[in-house]
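Take a look at the structure below.
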Amino acid sequence: MITIVVGTNRRRSKSKQVALFYQKLLSDLNAESQLLDIADLPDDFIRSALYENNGKNESFNTYRQMMQESDKYVFIVPEYNNSYPGALKVFIDGLSYPSELLHKKAALVGISDGVQGGALALSHLNDVFNYLGMNVLAQRVKIPFMKKNFLDGEIKDGLIDKLIREQAELLVKF
Amino acid sequence: MITIVVGTNRRRSKSKQVALFYQKLLSDLNAESQLLDIADLPDDFIRSALYENNGKNESFNTYRQMMQESDKYVFIVPEYNNSYPGALKVFIDGLSYPSELLHKKAALVGISDGVQGGALALSHLNDVFNYLGMNVLAQRVKIPFMKKNFLDGEIKDGLIDKLIREQAELLVKF
Amino acid sequence: MITIVVGTNRRRSKSKQVALFYQKLLSDLNAESQLLDIADLPDDFIRSALYENNGKNESFNTYRQMMQESDKYVFIVPEYNNSYPGALKVFIDGLSYPSELLHKKAALVGISDGVQGGALALSHLNDVFNYLGMNVLAQRVKIPFMKKNFLDGEIKDGLIDKLIREQAELLVKF
Amino acid sequence: MITIVVGTNRRRSKSKQVALFYQKLLSDLNAESQLLDIADLPDDFIRSALYENNGKNESFNTYRQMMQESDKYVFIVPEYNNSYPGALKVFIDGLSYPSELLHKKAALVGISDGVQGGALALSHLNDVFNYLGMNVLAQRVKIPFMKKNFLDGEIKDGLIDKLIREQAELLVKF
């Protein structure tokens, strides 16, 4: 099972649309997947699922369970202030220790309205996942200029479309 | 006014103790400072102070105001999963755009129970602050092995103690 | 004195053209500057100026002297394999210890034929300079798509042109 | 074939000693390996093997051939100025394009006399290798305080010794 993580708690995010697009790619490759949208986490999970409350928030644990049951992940990561969203990191900070992610595998997709496509965000996140023992696919995909490059649920730039399809194939084989 | 940001929402954190220690250093240099503890933010600020709610959460705005009134900052940054805490980034993601931090100045202190002292965390955070237009003092201070190196509100390692005092002086002059 | 470092040893590089453009910007601000082109270093400086030979290569020492006499720098950094050029880092590795750069100030310009404009390269270099105690201006300028954005010795993209002029002014005041 | 790259051109480096130690680990796992010491490259390879000379330096090409024939690598990376050595990056900059490293696999070992063990160096290098399409094992090993932790060709710290043996096993299976 591959879990596609929508990496922001913004409601109705573009990241979710990209996640749905990615799910179609995986379906075409006969790979089973499920969506985990950070926006669905409890509004106070930054307090109610961390530290002394780690593991005690039943609603949060549902999502943790989804992570545990998967062996591969796709992270859709919007660029917030030249890094990953704080909300995505809080979710990771609320997982178990030792991590559910140990010896698992992930693919990273960065998105932005600006020019970078989350270049720094993916680098930072790679450091986090390596620390947790999760192997990250070399091929990071970046989608800059989202308003132009992602319309009607599809990637409009030919090269990026090719790269993300390659990435999905590589993840299935990883 | 220098604001010392306690970079986690963990209650009664070691980061807060280090912040109190830093406040004494600044006081000895006749520099006025105040503490801003991320743990004091509303439990649901990840939802109630971001996106469509940005700027509308009165409690959160109190802390934003503290940031606006300052021209220099110290960030005490515990290492969480080889980066900065998600909670600290959510706080930054909830600030204004254009940023309160533009053309301001900051000093970074990383802490950890392990060997690294937040080396990666401070690098990631530096990328964020540079993007927001805030100059970051070159001298990053790292306090690894907190249980040994920070006791009774004081730094026990002579070299680290020297470096953090130098940093405080450099910040005042920065 | 501001030294503008051409951050590659490629001969007749685009980086050098950007450096010459930057020198005009500084001249317009009445700031004195000089160019240091890594391409002018001895062909074997990777061996003859490092380790047991550190400080003993007279030709290399000429450039080291230029660095010592300056208090501010501009680094023009082409993106090579998603980081800074190895040649630029060898030059830095061949400087003195403690570093000539301690308590100096720098501005970073990244350039690339592709989309990124050296985003990662500048982040990596920032880590190096912070370690050496040199304050780096927050405003990093990136020039992606050089073939389109830099023609006839001038920046053709209006926003990037505005940003690099702002950066030059900030550096003079830094 | 696994190539173990000694990531500096310093002669008789500690990195080489660590590489020899790693070769024993791989031999114990019945994995064939060879050493590639950056110190053996021609003294002027920064000029004679790059740009217009790329692929034309017969001596350099011998080492490029070693890289091409391998499908896995170990990089021993001493920390120089808070990043990887310039010499290692020049070697990478002198490889072919598209890269010999595409779809290959690597393990990273950082070493330092100081506290960090190359934490930032390995992060930077990971960005380079991901760009070149080479998958990097999540488990990065860091050996800080080399003078204490690495004596007589062996790792003296029990935890680090365990981690590097785990890494070697993971690389063989990667």
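First chain written, first letter: the chains are A, B, C and D, and each begins at residue 1.
We adopt the following convention: a contact is a pair of C-beta atoms (placed from the backbone, for glycine too) under 8 Å apart; a residue touches a chain by one contact, two chains touch by 3 or more.
Just so you know, these numbers come straight off a predicted model, no measurement behind them.
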{"item": "Copies chain C and chain B - interface residue numbers shared by over half, same or different", "value": "same"}
{"item": "Chain whose average C-alpha position is farthest from chain B's own", "value": "D"}
{"item": "Where chain B and chain C are represented by their mean Cα positions, the distance between them in whole Å", "value": "30"}
{"item": "Intercentroid distance (Cα basis), chain D paired with chain B, Å", "value": "35"}
{"item": "Per-residue overlap in chain C, given as positions that touch at least 2 other chains", "value": "120, 123, 127, 130, 132"}
{"item": "Residues of chain A touching chain C in the complex", "value": "115-117, 119-120, 123, 142, 144"}
{"item": "Chain C-touching residues of chain D, taken from the complex the two chains share", "value": "9-11, 43-48, 50-51, 80-93, 120, 124, 127-128, 130-132"}
{"item": "Residue numbers on chain B that touch chain C, as the complex places them", "value": "123, 126-127, 129-130, 132-140, 174"}
